[in-house]
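Written out below as structure tokens is the structure these notes cover.
The chains carry the letters A, B, C, D, E and F, assigned in the order they are written, with residues numbered from 1 in each.
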Amino acid sequence: MSNFSLREPVNLASTGIASFAKTAICTNLDDLIADIAVIGAPCDISIQGRSGARLGPRGIRLQSTRFSYSPEGSYDPERDDFYLSTKQWRVVDCGDADLVPGDLEASFANIEAAVRTIVSRGAMPVVLGGDHSITIPVARGLDIAGPFHVIHFDSHLDWSYTRGGQRYSNGSPCRCMAAMAHVDKMAHLGIHGIGSSQKSDFADALAYGDLILSPKQIRKIGIAETLARLPRGERYFVSIDIDVMDCSIAAGTGSPMHGGLYYDEMVELLEGVARLGTIVGFDLVEVAPQYDDLSGTTCYLAARLISDFLGFITKERELS
Amino acid sequence: MSNFSLREPVNLASTGIASFAKTAICTNLDDLIADIAVIGAPCDISIQGRSGARLGPRGIRLQSTRFSYSPEGSYDPERDDFYLSTKQWRVVDCGDADLVPGDLEASFANIEAAVRTIVSRGAMPVVLGGDHSITIPVARGLDIAGPFHVIHFDSHLDWSYTRGGQRYSNGSPCRCMAAMAHVDKMAHLGIHGIGSSQKSDFADALAYGDLILSPKQIRKIGIAETLARLPRGERYFVSIDIDVMDCSIAAGTGSPMHGGLYYDEMVELLEGVARLGTIVGFDLVEVAPQYDDLSGTTCYLAARLISDFLGFITKERELS
Amino acid sequence: MSNFSLREPVNLASTGIASFAKTAICTNLDDLIADIAVIGAPCDISIQGRSGARLGPRGIRLQSTRFSYSPEGSYDPERDDFYLSTKQWRVVDCGDADLVPGDLEASFANIEAAVRTIVSRGAMPVVLGGDHSITIPVARGLDIAGPFHVIHFDSHLDWSYTRGGQRYSNGSPCRCMAAMAHVDKMAHLGIHGIGSSQKSDFADALAYGDLILSPKQIRKIGIAETLARLPRGERYFVSIDIDVMDCSIAAGTGSPMHGGLYYDEMVELLEGVARLGTIVGFDLVEVAPQYDDLSGTTCYLAARLISDFLGFITKERELS
Amino acid sequence: MSNFSLREPVNLASTGIASFAKTAICTNLDDLIADIAVIGAPCDISIQGRSGARLGPRGIRLQSTRFSYSPEGSYDPERDDFYLSTKQWRVVDCGDADLVPGDLEASFANIEAAVRTIVSRGAMPVVLGGDHSITIPVARGLDIAGPFHVIHFDSHLDWSYTRGGQRYSNGSPCRCMAAMAHVDKMAHLGIHGIGSSQKSDFADALAYGDLILSPKQIRKIGIAETLARLPRGERYFVSIDIDVMDCSIAAGTGSPMHGGLYYDEMVELLEGVARLGTIVGFDLVEVAPQYDDLSGTTCYLAARLISDFLGFITKERELS
Amino acid sequence: MSNFSLREPVNLASTGIASFAKTAICTNLDDLIADIAVIGAPCDISIQGRSGARLGPRGIRLQSTRFSYSPEGSYDPERDDFYLSTKQWRVVDCGDADLVPGDLEASFANIEAAVRTIVSRGAMPVVLGGDHSITIPVARGLDIAGPFHVIHFDSHLDWSYTRGGQRYSNGSPCRCMAAMAHVDKMAHLGIHGIGSSQKSDFADALAYGDLILSPKQIRKIGIAETLARLPRGERYFVSIDIDVMDCSIAAGTGSPMHGGLYYDEMVELLEGVARLGTIVGFDLVEVAPQYDDLSGTTCYLAARLISDFLGFITKERELS
Amino acid sequence: MSNFSLREPVNLASTGIASFAKTAICTNLDDLIADIAVIGAPCDISIQGRSGARLGPRGIRLQSTRFSYSPEGSYDPERDDFYLSTKQWRVVDCGDADLVPGDLEASFANIEAAVRTIVSRGAMPVVLGGDHSITIPVARGLDIAGPFHVIHFDSHLDWSYTRGGQRYSNGSPCRCMAAMAHVDKMAHLGIHGIGSSQKSDFADALAYGDLILSPKQIRKIGIAETLARLPRGERYFVSIDIDVMDCSIAAGTGSPMHGGLYYDEMVELLEGVARLGTIVGFDLVEVAPQYDDLSGTTCYLAARLISDFLGFITKERELS
């Protein structure tokens, strides 16, 4: 969407309505015509840490307005290449899936249906959380795009069985996905922190065949080797918990962590993941603007990682 | 609780562990021996506005450490009187009722049982929210102390029937209480704001016999007349949504409101309510420190209203 | 705009894309079909105080999502009346007029053209500033809707002749409007503060025939008398500088002021102004979210004053 | 101090070095030639509440740059009068009295000597705190300007005898002044809050002959009557603790209070006090920018009250 | 301490009273039965930089509630090991040592006595500052646990002789410790910054036999070599000034520094130090929550470093 | 400037008037006698990102008070050397060049004249921005010190031709300098980010002969090699956009960037640049305190880089 102007509009970052990257808005999914469909899942009712992630989609959209996509594409001086030309790729913002207060089942149902509808319309869903429990309905809604492997970026393993009886908290999405028929293998990148999960969770994940690497382990073996160890296949779903990033740049989340990944590392990992196969969709969760700094560092990081990843994904499709 | 000191400790506000007003802690309710039992209900999963109220109990406790109760009592120069002498009144902090992520029923059950246990131990429960839905289990747990009238301070009527199927949101506590056998009449003080509730909600409340007054209406008739219109009876439960207070002093909440009550007005109303009869318990809800200012103005307001109200309640008991 | 939902969506305040009051978006003004057209003028390059007001439209839109308009209208319990039914009134968000960095003339031209186009399409423009200099092109663009009187709410008189040669700063809009052929009389409500304008500015304004009242003077004579003194006529343009409001609720602006108006006073004044005649348009300027509190008190105040005023304006049209 | 400019400089509020009201700086007191000398006392080591007031002088200076004094004087439209013409009055910023970490005695000695030197140079000292304990050396340094009455604006009585052995804390300045030979009577305006002082402190103050009025008592009898009850005499020292102001506009302090004075009330009181007799000096203490809002509301309030009071004091001298 | 619950409580991080890691509270040191005793020393009256560290203990406790210790211990997936099992180790929070406003001597005496009492009860003291001057009484109180070497993590050398006569400021603890009979050698890790100390201070420290290494020097020689150069002995006292950490993760302190240590580096250093010998106690000082971000990054860093170090210390004891 | 004191003043960081590094103030440039003249250019009207940089000079000055220069010089323990002895170097703060609201030409003229006057007085100008457009008048004013090469630190190339007709925005300074007769070659260090400039801008810069290196490219070839590739010559102008620094330590700017330089890297680069030849002046731009954290991390970084660079520049002069 462009500003009103007598001349070619400048569309400065601070101006205009805050859809994702100022792309066109389509809240009626039945009318969706797009290659990439961004949708918010502002549900934070099953979070274990500090609540607030329901404002994540808004926060990410606000900072994403520093980007805008053009016919010639966005130029990257380091790679000497262009990305996300609007002549080739149609990115659309679909607004949010409805949140029902205190009703996890109804809220999940909306998210699941939204994702499935987007896929059925031929677009790749990009879901803005919300806490990490929203990955459960996202993965469910992707059933028609599967089977697929899962690449999971997080500080936490998220293989909890239950918290006080709750099996669908933000600590459980990976255990839940493991139980889905259309989910194949999982790789967990960035896991670290004493006491963040129980040993039995790790044991179950390993028994399921998961790959688990901490930031220090990734640095030790290198990014190329890390990518080489990821499961091979045709299709991948990627789930990014923003708390995988070091809290020096990702304080705006419910459970920020010291010792996480840095921006350049994450970009290199995402670029590699984009080359593994078809990305059927991805989510980025746990952004809570209430805990972000006044400059919006975490929200901008989230927006930038999404846009970077979209660039890498579409570049692969262009090349293949 | 007092600091370690070689002399009589000064116990400055900024020091010591942050229990409510630095009172003794008793997290095992079966051991509770107290006149007044403060307990947190850090549940915000059924909130309609901005989430965050699960940190309310912590935020209130932190600011409450500016108070401390002593054997001689706290002196009020304007009333030339002493309040809350520890020789007469034992106030205890019971910690929090457990929150189960995403599970409203289980979280409510913990709150209800905690309140009922406190009452059964002979203490008056003072519940720190959490969003306003926690008033539902609080009122349930007070059944053994009823029947009672309800004095409800709020900007919003909270008589919603359902939000997307959810009947136990923070917009529904008054409709829920109206359906409880041990709840008698209700008075709603401070209600205002275009569009905050539907006309049908007002109609149902009036049909139930509720008194509804806005801040402007209270100012017009005066506080004495306001108090005179409250239902008469033996017992009262009081529920205070912090957003009844003007947002110039209560920004730290999910849905702050312009045009609310000011501190002196609220204190005068609480002093009058304390004189109506036996207060069987009260809650103060919707404090969300994430939206408070850096000075903790809202959290301190909440702590101070609670302590003021406790002073008035115990003064009445001393006099009767 | 509504969220995706399998049932009737709840559309909670924290969800959905942040257009004004979640209304439909129409950034192509040539296609505009609306009764009321909200448009941003995010220009802050001619501000004398702290810069930042270019983020005003975004900040107001974000908080305005606490409102949404419905077919039955928004119910006001105090007036027992409904406002802004979508069956009767079509409110549309037109996005922003383009800002050209450092080029006041080009930025003004965009604002002026946008306003004139909106008027020519039969809609009433509601302009979100930006600093107060944007009132100059707004008033210019309203020429086809004139002649009209100006009701100006502000702490500052804004009749400066020049600041270092600059005749179009945020201190000059009233002097500039006084020189426009289609502008009739002006009333300045809320002016106060030692040293905020020069005596010669006051003298020129009085010579032009302006009414000038401070908050204390308004309180002394009462709101009814204040309204009675306003110029009589058929058409009015209203310009609201948010710093007319007391800084206890309006800190989020470049030059906040102690001793300003309170919310209830302002609402009563706006309700009276709406009854004076046809409001040809209005702006609300100088909101700078960078200086607002974490709760968005000033941005929400701005959104609420706009929505309240729209309610009063449309109510008058319904009644006449 | 003026900005570098090829033309008459505009000297916008946000520009230039932050001395008080951008006045000339004279840090060598032996060279001081001024009518009014502003000096900081950034000492907060004897504070009972939250520390931070050592940054008070900086915070006040920063916001004070919204003022600047000119040859014609600052025009007040409500009083239709001019204030603080630089042709008549020379205001100078003397920087700060040195703070020795953890050494109350040495820090006090510096403040006391600075004040005494300023008085001996024929200027009226205006001291920016620091916590309220700095009033002790300020009052000592004013001995050569006495005897005088004290007008004390505060939420707290500040007549504590000792806190853990400390007799010179920010709770004790009034008891300390009462013991000084050159201090006559004291009036305490704005005192309120349950538990803020012991009854014995009030008893001692009353026995000394002090006048004590709360905000509510002031409102009840009116400002004229309040002023009428103040002690009569030739000379007055005024001490303003910013926490006398309601925390809706004065959150930036160690112990902010609900139920305090509002800006218009305080201005009227200060205007009346300025007419009582010769003001030998005044201080404004307890501003702690760490707890202020992002807009600097408290710091600006402090700067404005100081400048308003200076206007009233000099106006009286002009008239007499 | 555990929340009230009808089932096994979940005890989410945001819930419950904020003692250190939610451990049991014992404010009467004469009753202390513990292996590890956490105690606050909220004294910031001798700080040279920005004040505020008196709120350090509260800030650290608040963030430490993200941890809790269990019978099975906390699992570390990278080391595949368990830490701090409550079956083996009893950690207790002893509240704070009393602060006397403006009285360094009395405040120091309380800290010294508290530490000595804890040691005499057989527990290892972990002291939460407060500014770095509190290390003086901490080291004094540890006399009965000495002689010991000192491992000092800091950006600043802290060997100042005097500041304006003050010999016990936060710039002097190392010079003071050097003069204590029970203090053996000192190693200073992380020292850097132009102008942070005088050359004579460095000369005196080197003359005393101290090891001094900057972050860049540590990185150059590696952590293994750094550890190898530390003094050998039986007992060690460790003092951690949070400003040794890079200000990207430790902004919440009086004098934050660019170019400091990162989390992973510090953890590795602490793990190595734990293996040197018996740690007789440690402190972590200079956390000032007023300057921390809204997410509590610095406070959480402090809590995590303490908990990590406790894990390493107890692991060594388990193994030996 | 020194505090008033009875003894040798301590001049703590938090005290005294905030000139740059507490140096003497000389706002009348015709009287300037100095080696180094710091001057503010608080102009942000041509910024494309978030406005606010007009408060940059104030923000930098405030944090710079943590430094102060002494006769013996500032000691660096790592280099075992002294810097910026006041016996050898006179640093003076000249206040700000006047900003005319909305008038880019007039504001630029003031900056240009100020810089030229400083140079003509024999001092090296150090200019505090303001947005990056101020480099245009700075470079113009340096004409009498040229010809010189330009070393440009930035995330962005700043070779834009026009934004909506504006050729003098903060995206254009390098293209503007390229057109100046006295500007020789340019090197751009730190450039990165997809979409931050158009390919045609890079092409024009390369055609002009510019060196362009990203942070990753600098790390790959090393700092020594980076320095070796810089243009050789006698004189250099250095322009530092604070957004070249990673946003983990430089969030306080209009367009903060992930993936930027870290402090130690930048210091090493600046030390190398200082050795290239005569630095005729430098600016540091785009600091916007509104977006900085509560601790002032970005402002302090700016102050420290300036002071470090001044140390390296003067050290080179001492040695040559």
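Note that in this section contacts are C-beta pairs under 8 Å (C-beta built on N, C-alpha and C of every residue); 3 or more make two chains touch, one makes a residue touch a chain.
This is a predicted model, so every value here is computed, not measured.
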Completion exercise
chain A and chain D share contacts with B, C, E, F
Exercise for the section: Tell me which chain's centre, taken as the mean of its C-alpha atoms, is farthest from chain A. Expected result: D
Exercise for the section: Averaging only over C-alpha atoms, locate the centres of chain B and chain E and give their separation in whole Å. Expected result: 39
Handout entry: Centre distance in Å when chain C and chain E are each reduced to the mean of their C-alpha atoms
Key = 54
Practice task
Could you list the positions in chain F whose residues touch two or more of the other chains?
Solution key: 5, 7, 9-10, 12, 14, 48, 50-51, 54-55, 98, 100-101, 106, 163-165, 248, 290-291, 293-294
Exercise for the section: For this structure, give each pair of chains that are touching. Expected result: A-B, A-C, A-E, A-F, B-C, B-D, B-E, C-D, C-F, D-E, D-F, E-F
Problem - Touch list for chain E against partner chain B, complex - result: 1-7, 9-12, 14-19, 25, 27, 29, 39-40, 42, 54-55, 57-58, 61-62, 93-101, 106, 109-110, 113-114, 117, 290, 294
Exercise for the section: Using the touch definition up top, name the residues of chain D that touch chain C in the complex. Expected result: 5, 7-10, 12-14, 66-67, 72, 74-78, 82-83, 246, 248-249, 263-264, 267, 293-295, 297, 300-301, 304, 307-308, 311
Exercise for the section: Show which residues of chain C lie in contact with chain F when the two form their complex. Expected result: 44-48, 50-55, 98, 100-104, 106, 133, 163-166, 168-170, 290-291
Exercise for the section: Enumerate the contact residues on chain F facing chain A in the complex. Expected result: 48-51, 157, 163-165, 191-192, 194-199, 202, 212, 214, 216-217, 247-248, 251-253, 255-256, 258-259, 290-293
